[in-house]
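In C-alpha cells below, several structures.
Same chain, two partners: chain A is paired with chain B first, then with chain C.
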Partner chain A sequence: MHIDLLNFNIKMKRAQIQIGETIAVLFVFFILIIIGFMFYVKVIKDNIDIEKEEMSQLRSVGISQRIMFLPEIQCSEDNIIIDNCIDILKLDYAQSIMKENEIYYYDLLEFSDVNVVQIYPGEAKWNIYSRKTEDFSSKFVTNVPVSLYDPASRKHGFGVLTIETLFK
Partner chain B sequence: MEILGLAIVIVLMLVATIFVVRFLVLKSPTEYRKGFVSSELASNMLNTLLKTAAIDCSQLTITELLQDCSQARSITCDNGEESCQHTESIAKNVFTQTLDKWSMQYEFLAYTDPKSPLIKLGKTCKAEKRSKIFPIPISTATMYTKLDICG
Partner chain C sequence: MINKKAFEIQFNWIFVLVAGAAIILFFTVVVIKQKNVSETSTKATVLKSVEAIITGAGVSTDTTNRIGIPSSDINVDCGRVSIGEVSKQYQNLILFAPSLIKGDKLITQTLAFSTPYRATNLLYITSPQLRYIIIGNSEIAKYINKSMPAELKKEFYKSAPEIKNSNNYRIRFVLFDNIIAFPKALEKLPDSDVTAVKINGDNEKGTAEFYQKQGSSWTLKDTSSYIGKQSLLGAIYSDTFEAYECNMQNVFSRLNLVTKIYVERTKRLMEGAVTGSQIRCNQFYSNALTQLNSILAASSGFSRENINVIAASANSLAGENKNAQIYSCTLIY
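Take a look at the complex of A and B:
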C-alpha cells in the first residue's frame, strides 16, 4: 500500500515536470511566432511604402508629361505642334482658362503647382495651375527646360517648366 | 534526437530570415522619375539652348552664333562681345540659373575638334553621365555641341 502511494507520487511529479516542459516549449514557440509575425508585418509595411513611392513617382511622371503636351500652352505653326515649346501669348489665356475650369484640370493634374519661369532673355514667371494640399505624404519637383516662343517677334527664349506634384 | 530537430528548425528559420532580408527588406524603390528626368534634361536643355535668340546680337540664334564662332568670327554683338564670347556668356547664364541651381554637375562643349573645344563650361563627369550631342552644319565640316549631365 505504501509502495503504491510512493509510485503514484513519483508518477505525479514526472507528469507535472512534463507539463511544465510542454508549457515552457509552447511559451518559447509562441514568442518565436510573435517575433516572426512582427517581422513579417514590418516587411509587408515597408513593401507597401515602396510600392506607394513607386506609384507616386509614376503618377508624377504622368502629370509632367500631360503638362508638357497641353495644347493650351504648346506652340504650333500651321497646325503643326512644336515639341518642347511653350507659346508665351497662350500662357496668359491658359491661366484664366485653367482657373475657370478647375475641376476639369484637377482630373488631369491632381494636386500640383505648375510654373513657367523665363531664364533668358530677362526674367519672368507665370503660374498656370496651382492646387495644393497641406496633408501630402510625398512631393516631387520636376524641372523641364522649354523653349519660350514669342509669336510676335517669332523668336525663342529659354525657360523652365517647373512641376511640383503632391500626393496624399 | 530532440536537439537535432531543434537544430534543423533553427537552420530553416535562419535560411528563411536571410531570404526575406535579401529579397524583401533590402529592396529599394525603382527610380522611375530619375530616369525620365535625366533622359529629358540633357536633350531638352541643348535643344532649347540652340534655338534661343540672343537679344544683344540682332536676335541671332545660339546655333547661328556657334556657326560664326567656328568659322569667320565676323559677328560682334551690341555689347562688344564676339560670337564665341557671347554664346559662352549666354550658356553660362542659363546653366547658372538651372543646372547649378539644381546642384547638378555638367560639362558643356562646343567643338569641331574635341581636343580643342571652342567653348567649355562645367567639369568633366567622373562616373555615370547622360550625354547628348547635337551636330551643327558649317561650310567646311560639322561642328558639335555636347552636354553631359553627371549622375
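Take a look at the complex of A and C:
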C-alpha cells in the first residue's frame, strides 16, 4: 500500500515535471515570437520613416514642377512656352491673384513659400505664394535659376526662383 | 492505476492540442493582418504612382505615355481618385478619365487648353483594356481618331459595322454622324459598361450628347458643350456627363484666373505704348483688352453661351496678337 502510494507520487511528479517542461518551452517560444515581432515592427517603422521622407521629397519635386509650369508666371511667345523664364508683368499681378485665391492654389502648391529674387539688373523680390505651417516635420528648399523677362522693355534679367516646401 | 496513466496521457494530448491551437490561431491572425496591411499598402503605392503621374503628365504638354502599374481597379470621380478604400481628394483636379480604370497599364495623354493663350493642361488617363469604337465619315472623326493614342484599343469605322463582343470591361462608342442602333452582341452586358458620346460640331466648338445602354437600346443622359479639340477629347474619355462637366468647370475656373493676369498684363503694355511707333501697338492692345475682358466674364461658368463667347473672343484675340507680331509690338500672349 505504502509502495503503491510512493509510485503514484513519483508518477504524478514526473507528469508535473513534463507539463512544467512543456509550459517552459511554450513560454520561451512565445518570448522568442514577441522578440521577433518587436524586431519586425521596428524594421517596418524604419521603412515607413524612409518611405515618408522619400514621399516628401517626391511631393517637393512635384510642387516645384507645378510652379515652374504655371501659365500664370511663365513666359510665352505666340503661345509657345519658353522654359525657365518668368514674365515680370505677369508676376506683378500673379502675386495678388494667388494671394486672393489662396485656397485654390493650396491644392496645387500645398504648404510652401515661393519667391522670385531678381539678381541682375538690380535687385527685386516677389513673393508669389506663401502658406506655411508651424508643425512641419520636413522642409525642402529648391532653387531654380530663371530668366526674368520684362515685356515692356523687352529685356531679360536674371533671377532665382526659390521654392520652400513644408510637410507635416 | 491504468486509468490514472490513461488520464495522464490524455491530459498531455489535450494540453498539446490547446497549445497547438493557440499557436495556429496566433499565426493565422498575424497572417490575416499582414495580408490586409500588404493589400492596403499596395493600393496606397498605386495611388501614389497615379498622383505622380497626375503631377508629371500635368506639366508636360502634348505627350502620351504608357505606364505599368500593379493590376488594380482605379475609380475616378469628380476631384477624387480611389483604389478600394484608399483615396485621394483634390479640389480642382482636371483629369478626364473613365469612372473605372482596370488593369496593369495606364495610358496618359496631355494637351494644353489654349483660348488662345494656354490656361492649363488637360490630362487624360484611360486603360488599354477599354474599347473605343469611333464611327464617322467627317473630317473631325478622322482628326479625333488620329489624336487618340495608338496604344489604345480603338477601332475606326466610316459607317456602323457589325459589332462583336470582345470581352472588354467597358465599351465607349464615339459617334459623329447619327446615333446607331444598339448592337445585339452587347445586349447582355451590364448597362453601365456600354456608353456612347455623339458629337455635333467641328474642331472649334460643338455639343456632346452622353448616352448609356439601357437594356437593348440607348438612353440620352444629358447634353454638354465643348470648346476646342482638347475638351472634345475630354468628353470622349469621360464616360459620364457629370465627370465631364465637373472637369470643364475646373478648366473654366483656371481660365478665369489666368485671364485676370493677361488683362492686367495687357493694361500695363497699353500704358507703356504711348509714344512713336508704339501708338499703333496701343490700338492692338486696346482691342485685345476688350476680348480678354469678354473671355474673363464668360469664363465665370461653363455653359454653351459662354463657350460661344469665348470661341469668338479667342479668334479675335489671336488676330490682334498676329497684328502685334506684324508691327513688331510686344505680343499679348
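Throughout what follows, the second predicted complex is superposed on the first by the 168 of 168 C-alpha atoms of A that agree within 3 Å, B and C clash if a C-alpha of one lies under 4 Å from a C-alpha of the other, contacts with A are read in each partner's own complex, and residues count from 1 in each chain.
Just so we're on the same page, a contact is a pair of C-beta atoms (placed from the backbone, for glycine too) under 8 Å apart; a residue touches a chain by one contact, two chains touch by 3 or more.
Note that the coordinates shown come from a computational prediction; the quantities given were computed from them, not determined experimentally.
*Asks:* Following the overlay on chain A, give me a clash-or-fit verdict for chain B and chain C.
*Replies:* With chain A aligned, chain B clears chain C, so fit.
*Asks:* Classify the contacts of A:84 with the two partner chains as first (chain B alone), second (chain C alone), both, or neither.
*Replies:* After superposing on A, A:84 lies in contact with chain B but is clear of chain C.
*Asks:* Please work out whether A:46 is in contact with chain B alone, chain C alone, both, or neither, and reply first, second, both or neither.
*Replies:* The answer is first: A:46 touches chain B but not chain C.
*Asks:* Tell me the contact category for A:144 with respect to chain B and chain C: first, second, both or neither.
*Replies:* In the superposition, A:144 contacts chain B only.
*Asks:* Once the shared chain is lined up, is A:157 touching chain B (first), chain C (second), both, or neither of them?
*Replies:* After superposition on chain A, A:157 lies in contact with chain B alone.
*Asks:* Does chain B (first) or chain C (second) touch A:120, or do both, or does neither?
*Replies:* First partner only.
*Asks:* Looking at the overlay, does A:58 come into contact with chain B only (first), chain C only (second), both, or neither?
*Replies:* In the superposition, A:58 contacts both chain B and chain C.
*Asks:* State whether chain B or chain C is in contact with more residues of chain A in the superposed arrangement.
*Replies:* C
*Asks:* For the superposed arrangement, tell me the lowest C-alpha distance between chain B and chain C in Å.
*Replies:* Between chain B and chain C, the shortest C-alpha distance works out to 11 Å.
*Asks:* For chain A, what residues appear in both contact lists, the one with chain B and the one with chain C?
*Replies:* 58
*Asks:* Please name which positions on chain C make contact with chain A in the complex.
*Replies:* So the residues of chain C touching chain A come out as 1, 4-5, 8, 11-12, 15-16, 19, 23, 26, 48, 51-52, 55-56, 58-59, 61, 90-92, 114, 116-121, 253, 257-258, 260-262, 264-265, 268-269, 272, 321, 325, 330-331, 333.
*Asks:* What part of chain A is in contact with chain B in the complex they form?
*Replies:* 32, 36, 39, 43, 46-47, 50, 53-54, 57-58, 60-61, 64, 84, 119-121, 140, 142-147, 153, 155-160
*Asks:* Can you list the residues on chain B that touch chain A in the complex?
*Replies:* Checking each residue of chain B against chain A gives 13, 17, 20, 24-25, 27-33, 36-37, 40-41, 44-45, 47-49, 51-53, 55, 59, 61, 90, 93-94, 97-98, 102.
*Asks:* Which of the residues in chain A end up touching chain C in this complex?
*Replies:* These residues of chain A touch chain C: 4, 8, 11, 15, 18-19, 22, 26, 29, 33, 55, 58, 62, 65-66, 68-69, 71-72, 76-79, 81, 87, 89-90, 92-94, 97, 101, 103-104, 106-108, 151-152, 154.
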